[in-house]
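As structure tokens, the structure follows; a few thoughts come after it.
A, B, C and D label the chains in the order they appear, each numbered from 1.
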């Protein structure tokens, strides 16, 4: 709670480098549980999908629930994993099959502190056609960096569509590259950010962007997207922190 | 409950042949009541439509509610029917007019243990145009087998659109053939599976698939659907069991 | 309640001519209050729109709430009106401005016992383009009779769009003719039926039909609508009575 | 409450000039808090966006919450601002960055007593394409006056998209001119009116209009919009007061 209050005062905003590391594992787990409930309540996740966070004291570990529906996650379900995707101390709890999405991205992207994997319906169409997701408004301006599409056939041929091996995770991370999100053809998406509130906010506004971009395309004619320079300036001026407390309240 | 726990441990997944028969009629009725409530809560069914299950101890009987709204079904409403669609012991309860959908399919398809008949709005368009439903993502990969459309005019000429005779039921079962689902022109759909959780899950993701496929078509250009081989591999690796408990909780 | 039970047994279905007259005014008012709440809960009505019923003992009177939001209507708000749209005993209560929709239709259509006027968003597009509403599935088969569009400019030139005079009401009733519903260009729709449950059911499925018809048109290609003969046969075999109790329960 | 009752009797409708000034600041703050909650509940606002009202006793001041999510606003959060956008007595409360939207409009438009700034998803498409919003039905007839689009690049070049300076506010007010609403490219919209209930009602029906206009365009063919003369006559005959109490009740 203390950290949240500091954040709302803008104090921590001056200290981006130490954000997560300033939190205890306890705090991060609290935010991770809230993130699970928020994403379920905002219809980004249903019975499937997951959200993780890099361990605040050990950059080579990350925190992720055992394999249950996000809406049901409690602190006791959060397991520590290493960058090979192996649970550190499973205590009989079954990990998600697709934990390699997370491990591979934390390994490839030191700047990433939180990862969401989702199957949000409005994102599915953009993964299977040749129309790139582009930023419709300031709230989704981070999309100006581009959203690549991961074609699992290129990495693994005919698969069961799941990223359930380290090598498929690495291929996905390679397609993500330095972007904020990647669509997965015939599957869903992955969103990354530097904090849990930011990855939750990005996931929520990515979903809205997909809907309104499809609507704008249906209206016909050229679309004026957010310019990369506009996106860059917006990124420096705002984050999703004001909405975080509201989302938490609504998810209760 | 015990069976659920075994399922979550993956034990029963190794024993697909004995799944339903391992359950008591009591357990199946419990799941059937839950299935009714879930399908109403997830907007697959409204005041109409129904879900049934083959009797776990008598493969020539099936269990189906009396004629009431799915949301209101309790264990006392579940009636046993034979494969002619006749209630075994009605006790004054009125059966659904369209119980012949179920009886004909259980007769034609020994592998089917559960059947849903629905009028889900997003499915209606695909029943009246020449655009086949195709699998958009892993969650609806079972659609790769194909979803035929039942034109009742071919079987019965100008009817009241309802499958309320054994012969119309048989014609519908013939169109369904060995597929997981069949659309009914100007009416709705039928979904089949080997367990109640699976038929509920298929019904829910069929609805989502219809919506996202329509959206992808509107975006324009070619669509990469789930390949039959991908679908086959996915089918072997997962089911909807993880979502089942969440759906039940939300339906309460 | 008693009448409902008879209805569910199919007894009253054999006696369509005496349906409403078999009810007391008290019963009709109860159904009318329920109808208001249901239509608000099912998003057919918002703060505006209304539902009325012909008086069961006086065919030249009808029952309609005073001018308040449908969701807030109680029995004490229901006022008796004559076929000129005049409140019989207003007791200081303000009538709806557009009560002439109801009075004109009850005058022109002796078969009509219940009327809904709504501004349901999904209906608005079909009132302003040249695409007629047509029946997509059995639940909306009554649309096979056709849904004319009322252009108020033809009856009144440039108006405030409201049917707030007897002559505009008469013009609307003339456009409705012997049909089950009429769209009002730039305004909404009117739905009529022989019972309150039926006018509520028709209003709910009219809304769904508009949505799914628009979706089918977007998919492209020819659409197979319900044939008039199919609609006629369906009309003889069913009504919305099974859903009525569910809608009431959900509206509470 | 007293004023509401007078309004419902139509008494205050005869006295438009003194409407707001007849209210105490206390009453306006009560309506402003309700307006925040209503707009959140009706999905016009999410964690962002704001609603303000001109001070009833000081036309050079306006009332606006401190920088929090609309759903969480209480009377204690409402701050008085002057027409430069400066809080009169902040007491440590942080103002919205984009308060200059409000200050500039109150300065330019003496007739405006209430302002909403929103990012409602269905409005976003109309801000980025060349299809103007036009009035689909009586409830949104006010749109007949036209809805200009504010291109912030014309006023400020490449910005962070936010109207966070007096000069950007003035440019926005200039684009709004004497209209009831203005779209902001890649951002959202601003709606103005002469009362808080009216600006709330306009915001709600603007959202519905955007949805149904997009649907009508998708149906194809020419659209008959509300004629300016029809809009003018409708404006004289109605307002959103009947819905206000319902919206308040639902937002609780």
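By definition in this document, contacts are C-beta pairs under 8 Å (C-beta built on N, C-alpha and C of every residue); 3 or more make two chains touch, one makes a residue touch a chain.
Just so it is clear, the structure is predicted and the values come from calculations on it, not from any experiment.
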Point to revise | Shared interface numbering between chain D and chain C [over half = same, under half = different] | key: different
Point to revise | Most distant chain from chain A by Cα centroid | key: C
**Study point:** Computed distance of Cα centres, chain C from chain A, in Å
**Key:** 47
**Study point:** Centre distance in Å when chain A and chain B are each reduced to the mean of their C-alpha atoms
**Key:** 33
Review point. Out of chain C, which residues touch more than one other chain, so two or more?
Key: 218
Review point. Classify the inter-chain contact topology: is it line, ring, star, complete, or other?
Key: ring
**Study point:** Every chain pair in contact, whichever chains are involved
**Key:** A-B, A-D, B-C, C-D
Point to revise | Contacting residues of chain D [partner chain A, same complex] | key: 46-48, 67-69, 71-72, 119, 121-122, 124-131, 151, 158-162, 185-188, 214, 217-218
Practice item. Write out the stretch or stretches of chain A touching chain D in their complex. Key: 135-139, 141, 208, 211-212, 215-216, 218-227, 229-230, 233-234, 236-238, 240, 242-243, 245-247, 249-250
